[in-house]
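Starting off with a structure, shown below.
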Amino acid sequence: MRPVHQSPAPWLLVVLLALPFVASNYWLHVAIVVLMNITYTVALCAVLRMGYLSLGHAGFIALGAYTSVVCSVRFGLSPWFGMVAAAALCGVVAWGLGALTLRLRGIYFSLAVFAFGEIVVAIARAFDWLGGPSGIANVPRPSFFGIKLDTHFSFYWLAMALAVLLVTFFARLEQTRFGATLLTLKTEPGERLAESVGVNTAAHKAACFAMSCAAVGAMGAVHSMYLLFVNPQVFSFLMSTDLVIYAMIGGTTGFWGPVLGAGALTALGEQLFSVGYWKTLVYALILMGVILVVPGGLSAVSALWKREMTPRGGR
Amino acid sequence: MSLALFLQALSIGIVNGALYILTALGLTLIYGILHIVNFAHGELYMLGAMLVYLLFVAFEWPLWAAVPVIVLLSVLAGFAVERTIFRRLRGQWLQLLVATVGVSLIVQSVSWIAFGAQEKTVPSVLEGVLLLGTVRIPIERLAAAAIAMLLVALLYLVVYRTRTGLAMRAIEEDEETARMLGVDTDRVAGVSVALGFALAAMGGIFVAPIYSINPGMGLDAILMSFIIIIVGGLGSITGTVLAGFLIGIIQAIGSLALGAEAAHILVFVAMIAMLVFRPQGLMGRVR
Amino acid sequence: MKSMNRRNAVRSLAAAGVSAALPMPALAQEAFKIGNLSPLSGPAAAFGIGINRGIELAAEDIGVFEVAGKRYKIEMVPYDTSLDPGKTVAALNRAVLNDNVRYGFILGAAVHGAVLPIIRQNGFFDIFMGAAGKEVTNAENPTVFRFMASSDQLYYTFTPDIYRKLNIKRVAFMGPNNDLGRSDVKVLKDIAAGLKGEGVEFVGEELVELTSKDFQAALLRLLAKKPDAIDTNASPTGTVGLIAKQARELGYKGYFISSTAVLEAKALVNVAGKGADGIIAYRIWSSSPSPLYDQIADRHLKKYKEPTLGTVWEAYAATRWVVEAIQKAGTFETRKVAEVLAQSTFASHPYGPATWGGEKTYGARRQIQTPLPASIIKDGNWTPLEVRMGKLD
């Protein structure tokens, strides 16, 4: 069954473009963080939709961030190059990891990716050249035609542009034949069926995983440029679980699911700031509520509502 | 590395392994029978330990009262969770998994709020060290390891010698057929989860006097449990036992030879290697 | 002109008359916001909560204060960072950009790499709570003051004397494999090298996961090198207790040395039993250094129903001293206040008279100098080992 076509409303684009002219620096900061989280969640959902849960996406964010930082700080290359290198490296590594682990179903794959994430962080922590436990500071910001993006206002454009690009890419991907094929791979019988009609399921799965990780790698590079620093703690397993929570609360299909989940929860999280455990508790309660009542996530609520409201024939 | 050091490390590994086994059993049981990954497993372990502190230290109950009460509470919790959450989400593996993550986060955050961040300690009930030649084994650890092995034996008895155990194995084999043959799958599911929860809590209970207690201790426990049941084979009790000892020994001897950091990575690598080359683990069956 | 002046004069006389007749309304003060960017949840929460309480107790004593003719009251604004650099950056952004906070406690050397650029850019007044050294307090960060002993102070001025006093020759290190642990190992090796002539030798190190609870195998490896003292710096209280317990179970009879101030003898004894004897800690007062110290301890017990957390006294002192400096400077402008503070002394610090130092070692006069104690556990209680002025040039 093809997913209901949910088009990103044009008004959203207008809001995004207008925001930096009306928002304070603080809200620009929140917006940047929200855009990054939305991108990560959208990429995660691409993998979720083909039936695989990655519990180590933060590891690829870290890989992208560190690649970019090493390029710009240790090798003196341009941050733009660093971003591209980050995406490329993450894509290649994900392809390799995927080839090895995507034949494992369910929890096996999740744990393998999780272990990979832990190893990335452990390596970063072990070598002083990679900053060791304290990480690497003074990460340079990129320049756009001579203008250095070192204010909240200027950096917002970079974050927004990349986010819009990647989110649109994955939304469109869902609509293509490739995307439809991925959906059939969600279950084992579906996968066998696809194989029987000649689809190279292994390549499809690896490609999807690689694209997802390349995307988060690129955004991870931007993330490190925003923080002006990187260290092993920032992209931990807790971040991976946060992304899964955003995806599950928002819903994994379509455009609005991950956007809602990541957007609403990140913004909410910023407001509940001084509260530590309470923030986790609130997130978890919302999560349980959504899962038990609307397993499709909040974005499915509107579809359910529409179904309820539509008059049925033959009464 | 001298012989004395090697033997000491070996004894550390074996005793630790027994404790790991106790902690991992609950996880493998629930997965084996219901194919549910219980991410709340670590929190049950933590609650087991935390409640020992609360009842035995704070409220000054005697141990012979505190321990059964905690076990009973975990059994009840197991039935409750199975009835409300697991049954409702049956078949949806992703939602089930995330639901257990949700439960885990709720239990964790409530524990941080209720118990605070200060480490708690339960005083040792058995002091002293057993000397076997040059090898020194703390008596309270030895006792905990012995209890762990006793519980493993009891679990074997239940699974292989009782009717409920037979029903569990039937469901594990093929749930549809078992149901058609009249097995009350709902009841058995409840019993399995209750048993799994109780085992997890017991892991925490017997470890309480050995280590300090804080609301975050579940994370390391569940991590180690995952590693062990993957290496041993998801759903296999024998596998868990073998893997528990194996990982315990690798960790101890690895630490002695290469240092703690390297041993830590080594264990992770062992898990990935097993996943890549033999995903069904040492004793698991290929599905 | 003349009529204007007279009208104004009449107006102000009337106003003065009115305000003299009416009591000053309580709403006339503005809030002076002091941020607390530290772990308020998680394993290091005791540090952050201690700072909260130190600020609260100080605010009670300061009450309403006047700066340049206006009245202010302290308002504490907490931000939970969980000692995570990303969260600390977010917290600082929020504090500076949204909440208009210009003064605050920031805890943790590890998080400072990320926040120092923001601090410099905004002139945020950073009351730094964390050891480390030159990376944080230096000439480039004029608004950053370290309000507790630095690693250099503790290690270089204190440790050699402890070794001599207790005849410690072989030293080893066990701690977390994070930046704190790693830098402590480096410093310890440095000290040992400096004391080589006296027979001191660094014999080994073991770095473990921060959340580890089982150190048996790592200890086994370390104890094979026969150390006289194991340095357990950078480890939290529970961990130090566990290390002591497990080392004693393996037959170790030597000392343990630690510098964190949150070590409670009772907590250590609970974990390690008799094994806790022989634990040495810097920054632990086994006998009270001043009446103010006792007074704060009593108030803390009464108000919060538990013994004083380690960071309370330093946070109390920092709050009072900074407010004093602001009043002296007559402005809240952070760079001006920083200059005034660096030249001032604070006679009633709970630990004894306090002043600033560090120009030679750090290039800036931003390191607090107070008396520093060392204590050792004997028969389950802290007993004094040594007290000296924490002086750093």
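As written, the chains take the letters A, B and C, and residue 1 is the first residue of each chain.
In this section, contacts are C-beta pairs under 8 Å (C-beta built on N, C-alpha and C of every residue); 3 or more make two chains touch, one makes a residue touch a chain.
These numbers come from a predicted model, not from an experiment.
J.: Identify the chains adjacent to both chain A and chain C in the sense defined at the top.
T.: Common neighbours, chain A/chain C: B.
J.: Please indicate which chain is farthest from chain B, where distance is taken between mean Cα coordinates of the chains.
T.: Checked the centroid distances; the maximum from chain B is C.
J.: Please compute the C-alpha centroid of chain B, do the same for chain C, then give the distance between them in whole Å.
T.: 39
J.: So what's the Cα centroid distance for chain A and chain B, whole Å?
T.: 32
J.: Got the chain C residues that touch at least 2 other chains?
T.: 41-42, 45, 177
J.: In chain B, what residues contact two or more other chains?
T.: If we look for residues of chain B contacting two or more partner chains, we find 112, 261, 264.
J.: For chain A, what residues touch not just one other chain but two or more?
T.: Answer for chain A, listing residues that touch two or more other chains: 276-277.
J.: Show me the residue ranges of chain B that touch chain C in the complex, using the header's touch definition.
T.: For chain B paired with chain C, touching residues are 2, 5, 8-9, 12-13, 16, 112, 116-119, 121, 123-124, 127, 129, 136, 138, 211-212, 214, 216-217, 219-220, 251-256, 259-261, 263-264.
J.: Which chain C residues qualify as touching chain A in the complex?
T.: Residues of chain C touching chain A: 40-42, 45, 77-80, 82, 84-86, 89-91, 93-94, 97-98, 110, 113-114, 116-117, 177-182.
J.: State the interface residues of chain B toward chain A in the complex, per the touch definition above.
T.: Against chain A, chain B makes touches at 31, 37, 85, 88-89, 92-95, 97-99, 101-103, 105-106, 108-110, 112-113, 226, 230, 234, 261, 264-265, 268-269, 271-272, 275-276, 279.
J.: Going by the contact rule at the top, pick out the chain A residues touching chain C in the complex.
T.: Against chain C, chain A makes touches at 24-27, 29, 33, 125, 132-135, 137-138, 227-229, 231, 233-234, 270, 273-277.
J.: Of all residues in chain A, which touch chain B in the complex?
T.: Interface residues on the chain A side: 48, 53, 100-101, 104, 106-108, 110-112, 115-116, 118-119, 122, 126, 241, 244-245, 248, 276-278, 280-281, 283-285, 287-288, 291-292, 295.
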